[in-house]
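The chains carry the letters A, B, C, D and E, assigned in the order they are written, with residues numbered from 1 in each.
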Amino acid sequence: MSVLLESSSTSAAMRRNFWAGVWRVMRRKPSRLVGAVLMAGFVFMGAFGPLFYPNPLPRDVDQLTRPPSWEHWLGTDDQGRDVVALVVTGSRYVLLAALVTAVITVVLGTGIGLFSGFKRGRWDTVLMRITDMKLTIPGLPLLLVLSTVWKFSSAVQMGLVLGLLSWGGVARAVRAQTLSLRERGFIEAARGLGLSTSHIVGRELLPSMAPYIAMNMLIAITGGVYSQVGLFFLGVLPYESNNWGQMLNTAVFRSGALTVPSALGFLLGPLLAILLLTLAIVLVVDAMDEIFNPRLREE
Amino acid sequence: MITGTGVVKTFKQRGKVLGARDVQALRGVDFAIPKGGAASFIGESGCGKTTLGRIIAGLETYDEGEVAIDGVAMSGLKPKERQPHFRKIQMIHQDPYSALNPTRTIHQTLHAPLSLRARQTGRSRSWIEERAAEVLSLVGLDPGSVLARYPHQLSGGMRQRVVIARALTVDPEMLVADEAVSMIDVSLRLGILALLKDLRERLGVSVLFITHDVATARYIGDDGELYVIYRGQVVERGSVDTVIADPVHPYTQSLLSAIPVLHGLEQPGEQPVVPLESLDESRSDEGCLFARRCPFRADRCESERPLLQITGGVPQEHACFHPERRSVIARPLSEV
Amino acid sequence: MRIDGLTVVYKTTAGELPAVRDVSLTLEPGSITGIVGESGSGKSTLALSLLNAVQPPGRISAGSVEIDGLGDVVGLRGEQLRKARGKHIGYVFQAAQNSLNPLKTVGKQLLDLGRSHGVEDLRGLVREARELLGRMGLDGARVLDSHQHELSGGMRQRVGIMLALVLNAHVVVLDEPTTALDMITQANILKIVREVHAERGLTTLVITHDIGVVAEVADRLAVMYGGRLVEQGPTREVLGSPRHPYTKGLIRAIPRLVGDIDEAQALPGRPPTLATVPKQGCVFRERCALRMDVCDDVDPEAVLQGTRTVACHAVTVKEHA
Amino acid sequence: MTVIARRLAGHLARGVVMILVVATISFFIVRSIPGDPVAANVQKLIEQGMAPEAAEQATRVLYGFQPKGTLWQQYVDYMGGLLTFDLGQSVTHAGAPVTDVLADAAKWTVLPVLAGTLLSFLVGIVMGVYAAIRRSGKLGDVLAISGSLLHGVPQYVLGLLLSAIFATLIPILPADGPVDILFEPGFNAGYIGSLVEHAVLPVATYALAAYGGWILAMKSSVVTVLGDDFILAAELRGMKRSIIFRYIARNAILPLFTILALSLGLLLGGAVFIERIFNYPGLGLLLIESITMRDYALMGGAFLLITMAIIVANIVADLFYSVIDPRVRSGEEVSA
Amino acid sequence: ACSGGTTNNSGGSGGGGGLFTTIDVARPGLDASAPANPWNPKGNAFLGYNGMKLAWVKNHLTDPNQFYPGVAANWDIAADNSSITIHVQPNAKWSDGKPVTAEDVRLSIGLAYTTGSTAFAITPGAAGAAAEVQVVDDKTVKVTQDMTNPSAKFARGVLDNWVVPAHVWGSVLPADFWDKLKTSRGEGEAADKAREEILALGQKVLAFAPPKDVSAGPFTLERVNPGEALLVKNPNFYNAANVAPAQVKFLNYSGNEQIWNYLSAGKLDHSGFIAAPPDVMNRIKQAPGSHIITGFSPVAVGMAFNQSKKPYDNVHVRRGLAYLIDRAQVTKVASPDGGTPALTTSGIHQKPAQEWIGSELSSLEPYNHDVAKAEAEFTEAGLKKQDGKWTLADGSPWKVTMHAPAGFSDWISAQENIKSQLIDNGVDAEVVTVADYPVYLEEIAAGKYDVGFWLMALGPAPYDIYQRLYGTSNGWTNVAGKVSHNAPGKGGNWMGGAEEIDVEGVGKVNPGELTAELNAASAEEAKPIMAKLAKAANQDLPVIQLWDYVNTQFTNTSRFTGWPQNDSDLLRLPAGVWIQLGMIKAKQ
């Protein structure tokens, strides 16, 4: 009985320990804290940013495409709107689409990788051939060609398509991980003990891959941001009145940001946003490995 | 409880269409381990010990022959149907590091098979916890201090005990210990061996011991059988003490001769057999598999393969045309 | 070779912890000394410090390693140190399986070695290597032409030994020379070690966790525990009548081929890790049957008793009584 | 050698299947693009002041070489053409064969990509070694984080930043195409100089974008090799630093060569952004143009060519690996 | 084709010499492999340089039949437009020295038939088509119009055609071509077959590659690289003495930014119109020698409605929107240098509007920005304002969804601005783009959009101007001079306006029929019709005219002078014509 009591209290303690460990990991390098704060900032921006501004954004037709000033820290766009406001309100579409991309990428990739690595045999061969093929077809050109057929009419749809195109790498990596974990004694032991497949996959395999999957998720988010912003920048997607990529496109191809300096602020806004997002994710990924590894977490 | 006849296993090099070289891991092995009995497999690295152990534990399929558990032939069954039979046979892996999931506490590790069992037999939750503590105590661990820990917080010996405890959660009838102590510190090794012996005596589980350290084979008990395996074939088989004391197959003899002598405590055997180098590249499958390395080979050995049988007036089975007892093992100084 | 008061520490999150503490040992010229110890007892660290090659975060914090004709290795730096390695001290690696560059043939690596040590007569070096390999039962020419992956474990180990000896080093350190080899190969390698040692008049140090290996080849035996040398002396004597309780326990824990198996007993407790080694007092006291109060505070000194040195309060007390 | 030949055969077979699949995909995608170029052109001509009837006729003439027959028939024709490297004719390029148009554009892509990749490869590798050696220090951290950042940031961000800084803010480098228009093409100093000057920014972008990846890959590769026993063994044998460095370098770079070949293939596809930003008339720009102009044949051709480049890169990478790694050469499976 | 060997600014003969650098704004991406074939859309025949037409259309504000001489030195147009007699330049020669003859003209007309041309159409019943081509003498050709469906623009249709040398191109047309053409004019199967054959010939013509460029223009094509096309002076050109540049380089480019850079670096002697943001424009102006000429561009853009969709069927809604949208602001944001805000909606570009309808112009409703009036109109239309938002009469939400093709950045920018303006005033709005212009045109014609932008006022021919508002897109088709009306949603009628409009002060009119009348009307006859149509368009508002385009040309006076003045009709012709007319002089 005492064992019973102890084990239920240990799970709470374990949870506490986990967060204490996370804090230890974060503290070890201050840069990781910066990453976490930036990350939280982006989440906040995507979720609540647009609420801070009126719709439509105020515009000043006497201030079209102006360089940075006190009033407008990053200048104004070709409609006379504040670039900072545009970056903040535009983040929702970008981040939402990236999130959808990441979720689909990771769910599909993990699912296929797990299935393939766990089942092995014929299914594995077929799935991996398909994955290889997918990986061989260059993503961006395919997206470009697809963008002519598909109507990317919302952030969710955008994310869906990007997600459907990017699970290959995750699938292959997860499969490799599954295969190597399969060889580890504990999976074999679980099978020998007669534990169900769902237990093995859900409780033994997945948690072991959690850091890996989480890391892939973050990387998929950046991937999602990059591709959609890139496509908007190239101008092959339908116009969005408020989107980082659209800003880049307008800044460069309409406002001449690469010809005259007056539109540089307009160009820099989304670029800075992307740089900061990348930095945030790089720093958080750096911490991720240690957070999920019970050994490193405790040290 | 488990018997095998003519078990053959060939590994096909997958993915290579042309020039694939098949590995003959097992070439027709017979074995029989009775309920509560014991056996150990010894042999050089790569001779097929692990493969055979895995087949016995139901973790590997075989190509030819038959394995039967309690008289039920396995080859006729579907994988699903085989499982309950094989659950009676639990494997203890060589490497206790990888045999435990690093992300799960010992409690979680034991809980999973126990709750499955509780569900099957309709037992309560508290039974699970009690049983977890019980199996840990059985393997000589203090449940209170171990349950909440992660594997990396335990020493190698403790980990191996946890692995054994986990196997015990399903009330196995047989344990297959594949080099279960080779990665454990010398001073702790004996503890694990004694535990296995103890479990066999107290719980009546059969033990299959796979090792290349012949001396540890003695720990399964003097009623146990020793199988000497060479290149996928059993070359000598008999009771542990007989085979160690009076080996007749030159291969067994060279294995035993190779065991270092503890000078100061022991003195070398009188007729050590040092085999020729293992020039294994030119693997010829003609005749006796050991012939090329055998110091006693004759013409017949090159062309004909000896079968495992009892001949030459020795008590153990052997696969050699010239069985001859030789005193190869070191003897304690005190005996001399 | 004289090792005196050698201490090696590793820097960890818990500060600098000693993996080898105050070890003194003399290797007689022409003898084979064996060091046994369990995993983590500091054997490899000791072996590396003989070449002043402890890898960061470790460092030699005290002591000296005097080698005849070379001086204190601990004081050597840079080129001097490099030249000493290989030429004066040969080192056969733990897991020598992997001590070869997978991309180069053995012969090329041999030439690299020769060039590193300014050997003029590279042809002669190759001839010498071929002879050595032949001596160890290998086809020298074929082996020199092979890549690592084309050789079996036993062959690689022999190549390792050849590379340690080919420059005529007179001190050879073998760290776990037979681990991961099967018994028959192990027996062969040990035989070769013994023969080459005798032929070349080497001073050899064999490090292993397997008492059997030491018993088979060594003249002298040293037992390590928790970074300390707890007992040393002639092999037969130490094995025949161990004095230190750890040595005793260790020998009793060896499963034997003959005799009553129940005589064999495991040591209670478990070996310490770097973090759990007691900071002061006897390192073995937690598992010791002869533990006394003094063991908690005072580190037992290694006391010379005839041909042997033992570091144990209980033994010293008994001796003096 | 037979191992290599066998691998090559396997790769080629897979490559051909791949190309067929991609060709099929691109065929069907391209055919399902909305927008009837014929109808659109009529409107355009009318807007330009042509009488509607005349516009209709002119358009029909212009698009006379539009695909004919059922979709299936078109597919068969397309695939048949593929066999003879006939990818059809480009509408926007006045009926010039797609292959010619592609070949023309390819040089503007291949050369900068090659230069940028090699540059970043060399610099990245040196810095990677440095980052590996200093991995526990501040400098190593900075190198690693900046490497990750550069690796993470998409090409266009770098391209735009470079262009904004060096072509707009401090206009010291041109970013307006592949060469200064006023120079007479040919082998003269002015023209060549202008070519080089215009290549600086795009090449720098390629290099910068890839550099992060190299530094990371090299760092982890070096760290792995540094941990390999043979390096320590070489040190203990007293090998010269320069020789040890060569050992490390060669073993660490080996796996990177594979990535190098692959990335060359991938970069051809990724050139889209950089070519758009720097107005380089290469394959990427061609692809975008063909898409905006609805030039079916050209679009499919460009897509196919880019994919083909990747397939070829894959094959080259693998063969290269087999040639320089003795383990692969002798047929051993190496997990890279 | 690589060794030119010529260097910059090397001296030449004629009017001073030197290298003239320019770009072809209509054609990004030069194609080195394309032939010097004017019919080929990528062909390296540069209008006015090595590509010659019979004459150069002046694009006079009101008269479509005014030209500058080209291969034709002069021409006589019959009073009733029934025929035109062309007199070839008496001393015109091809660059290979052979004289330019009437036979060349006739062959070129034959080629025009195969590729499609306004006057030389084989479609039965086409307006303003030629009936007969007659070689009068060596230097004279007479072309007569098919008077069943005559057009006032007949002469324009004839003269606006390429002329190529018969001795190079002769083989392209089969010997029986003219017979075939005759057959094709008839009816029945034989005619259909003949037309098919002629069309097939067209493809041959398009693909034809003369082995060497033989030009009657001031220049001949020397070579084309991927980066540029080099043309050298044709000494045989009839006005060669007055042609200043010795060489002309057409530079390749792939994006507007490139041209901006060229211009701000002063690298181009001339560039046609390209859109540029104000700051870029300023920068270009600052380049040494840089000069900008502006003039009339016969196009305007309007916001067009699909009147089959609610609430745009209600004229008050359209008027309300017209009052609501501040056109000056839209133009300032979207096209500050390339357009002027439309003063009102007349359907005519404001420059020629004065000429066409004179004083009537001032009587049109200007639809000045006036929120109160807009609200009054909305209210009259039955729209409701709830919580500051306008809804449809039945209370359902109203959102103005504007469409534009991707890449038309000025349109998108304008729509974005309109969107903001509308939302500011309680009208919900959004901007949607379509992949590209072809899809846009296809979908707008299929009636898929509520609101879109529409090019209009395509001058100078009056019929062309109004057929944009009251032509096919609004239901009226003009086949063989017969006007018929399609119901909304049928036959390309996506505007879906009423067939008859009760115009204040005029009465009921059928604007489509009025428009068709313009086809054959003389300028004087056209004026009253135009006035009626302007009133109709102003009152009924099928489109809200937003801005009139301005033709902006970039020149550089550092090397050449003699450029046209602002508002010159030459601005609507390529600079090659300016050069061949002898205007451009090398700077001394």
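Assume contacts are C-beta pairs under 8 Å (C-beta built on N, C-alpha and C of every residue); 3 or more make two chains touch, one makes a residue touch a chain.
Computed from a prediction, not measured in an experiment: that's the story for all the values here.
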{"item": "Touching both subunit D and subunit E (chains)", "value": "A"}
{"item": "Pair of chains whose C-beta contact count is the highest in the structure", "value": "D-E"}
{"item": "Most central chain, Cα average position", "value": "D"}
{"item": "Inter-chain centre distance, subunit A versus subunit D - centres from mean C-alpha coordinates, in Å", "value": "24"}
{"item": "Between subunit D and subunit B, distance of the C-alpha-averaged centres to the nearest whole Å", "value": "55"}
{"item": "Gap in Å, rounded to a whole number, between the CA centres of subunit C and subunit A", "value": "52"}
{"item": "Rounded Å distance, subunit A centre to subunit E centre (Cα mean)", "value": "48"}
{"item": "Sequence positions of subunit C contacting 2 or more other chains", "value": "none"}
{"item": "Residues of subunit A whose C-beta touches two or more other chains", "value": "147-148, 236, 252, 258-260"}
{"item": "Residues of subunit D touching at least two other chains", "value": "34, 175, 276, 292, 294"}
{"item": "Touch list for subunit D against partner subunit A, complex", "value": "18, 21-22, 25-26, 29-30, 32-34, 141, 145, 148-149, 152-154, 156-157, 160-161, 163-164, 167-169, 175, 266, 268-270, 272-273, 276-277, 287-288, 291-292, 294, 299, 302-303, 306-307, 310-311, 314"}
{"item": "Of all residues in subunit C, those that touch subunit D in their complex", "value": "48, 51, 53, 55, 82-87, 90-91, 93-96, 98-104, 109, 112-113, 115-117, 147, 149-150, 160, 163-164"}
{"item": "Residue numbers on subunit A that touch subunit D, as the complex places them", "value": "29, 31, 133, 136-142, 144-149, 222, 226, 229-230, 233-234, 236, 248, 252, 257-261, 264, 267-268, 271, 274-275, 278-279, 281-283, 285-286"}
{"item": "Of all residues in subunit D, those that touch subunit C in their complex", "value": "228-230, 232-241, 243, 247, 250-251, 254, 324-327, 330, 332"}
{"item": "Interfacial residue positions of subunit B with respect to subunit A in the complex", "value": "57-59, 83-84, 86-87, 89-91, 93, 95, 98-105, 107-109, 112-113, 116, 125-126, 129-130, 132-133, 143-144, 147-148, 150, 152, 163, 166-167, 169-170"}
